[in-house]
Amino acid sequence: MKAIDMDTWLPSLITKTPQDGYELAVKLSRVAVKLTQPDAAVRDKLRPEYAGDSDALIAVSQVVATNFATVAAANNYWR
Amino acid sequence: MKAIDMDTWLPSLITKTPQDGYELAVKLSRVAVKLTQPDAAVRDKLRPEYAGDSDALIAVSQVVATNFATVAAANNYWR
Amino acid sequence: MKAIDMDTWLPSLITKTPQDGYELAVKLSRVAVKLTQPDAAVRDKLRPEYAGDSDALIAVSQVVATNFATVAAANNYWR
Amino acid sequence: MKAIDMDTWLPSLITKTPQDGYELAVKLSRVAVKLTQPDAAVRDKLRPEYAGDSDALIAVSQVVATNFATVAAANNYWR
Amino acid sequence: MKAIDMDTWLPSLITKTPQDGYELAVKLSRVAVKLTQPDAAVRDKLRPEYAGDSDALIAVSQVVATNFATVAAANNYWR
Amino acid sequence: MKAIDMDTWLPSLITKTPQDGYELAVKLSRVAVKLTQPDAAVRDKLRPEYAGDSDALIAVSQVVATNFATVAAANNYWR
């Protein structure tokens, strides 16, 4: 997972491809966590916990789905 | 996290950039908590608990995603 | 929290400002609880429990976010 | 809570007022439960449990909010 | 609950009535479970568990609500 | 479950049929898990756990429902 530059991390919702849009949705999902828990050391400690817990993985997938809906609409579904 | 002036905390859903819109979504997510638990001392005590709990962090990210969908639509996705 | 007159508690989804719309979203979120648990004494007993529980506060914020999306769309985002 | 006639319980999503629409959203939320647990005796036994549990009440409110979004859109927000 | 023919189980999102649309939403909710747990014997064993658990019933109702939103939009709300 | 080629796994949201669209929604739901837990061995170990847990199965169905809403909108509901 790449680190996110927090100065200008969201210049646009427009992406070239659906797959780029999905990656943006993943990024949008992670930033909320970062803003709520700004301490990188704490986040690094939590990561293996939820990455090994199926309930948490499904919940992450739910957040990504919600953000992907927004990004897809922004891009008029790349039609 | 900046304190939120509760007199007129939501003059508009329109923001200049997507990133400002995301910050507004975070604010919208926090206000519901503030209205349900108005006691700042209780909220301050709860903060470290959920900021160190991955399930809670993912749930926060879900709320922000839902509010960001609204703000993004309001801004016609900053197209 | 003001008591909600249940005779005609929802005359319209249209509000003057975004902030009024957010307050309507909070109201919409509370009415479902009231209809499911009509006994005010039970609700009053539950309140301090969830108001002191971060998971519950985040869940409340999720409901408000969902209702706010509806109210905001109804008001064409107060553009 | 009134019993729901399951023969033709959903003739239309159109309602006269927003408040009627909200009541329809509550009904939509209950039917899924009824279809999954058709035994009225079991449902009656479960009712006091969740009606006295704040997490369950908030979850019910979330379902109603989701259904209300649909009913409100169907009615063009009663504008 | 009727068995779902998995060869062509979703020919269209268009239904004659809102009630048919709701039933399609229930079907959509069940197929995801079926694809994740293809073993009918395991699903049959799980069924009484969640059908007797109010949290699970409310969660099922949430999934149906989300799918019903899609089916209703597809049918232009049967207006 | 077929393995997902992660190089270009999402060329388009457009599908021929609603059923293909549903399968794409399932795929979208799985990729978020894959990106959060890239180790296939860990995912394989988690699979039987959640496939035998009704709460997890319902949560998976919720994610698929959210993604299906996006895919269906992208395809103008295959009208």
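Letters are used for the chains, namely A, B, C, D, E and F, taken in the order the chains are written, and counting of residues starts over at 1 for each.
We adopt the following convention: a contact is a pair of C-beta atoms (placed from the backbone, for glycine too) under 8 Å apart; a residue touches a chain by one contact, two chains touch by 3 or more.
Just so it is clear, the structure is predicted and the values come from calculations on it, not from any experiment.
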For chain A and chain E, the touch-path distance in steps comes out at 2
Shared interface partners, meaning chains that touch chain B and chain F: A
As a quick test, compute the distance in whole Å between the mean CA positions of chain A and chain B. 16
For the pair chain B and chain E, the C-alpha centroid-to-centroid distance in angstrom is 32
Between chain A and chain C, tell me the centre distance in angstrom, where each centre is the average of that chain's C-alpha atoms. 28
Chain A residues counted as touching two or more neighbouring chains: 50, 55, 59-60, 62, 66, 69, 73
Read round the cycle from chain B toward chain C, the chains appear as B, C, D, E, F, A
As the complex stands, chain D meets chain E at residues 8-14, 28-33, 35-37, 42, 46, 49-50, 53, 55-56, 59-60, 62-63, 66-67, 69-70, 73-74
Per the touch rule above, chain F residues touching chain E in the complex are 17-19, 22, 26, 50-52, 54-55, 57-62, 64-66, 68-69, 72-73, 77-79
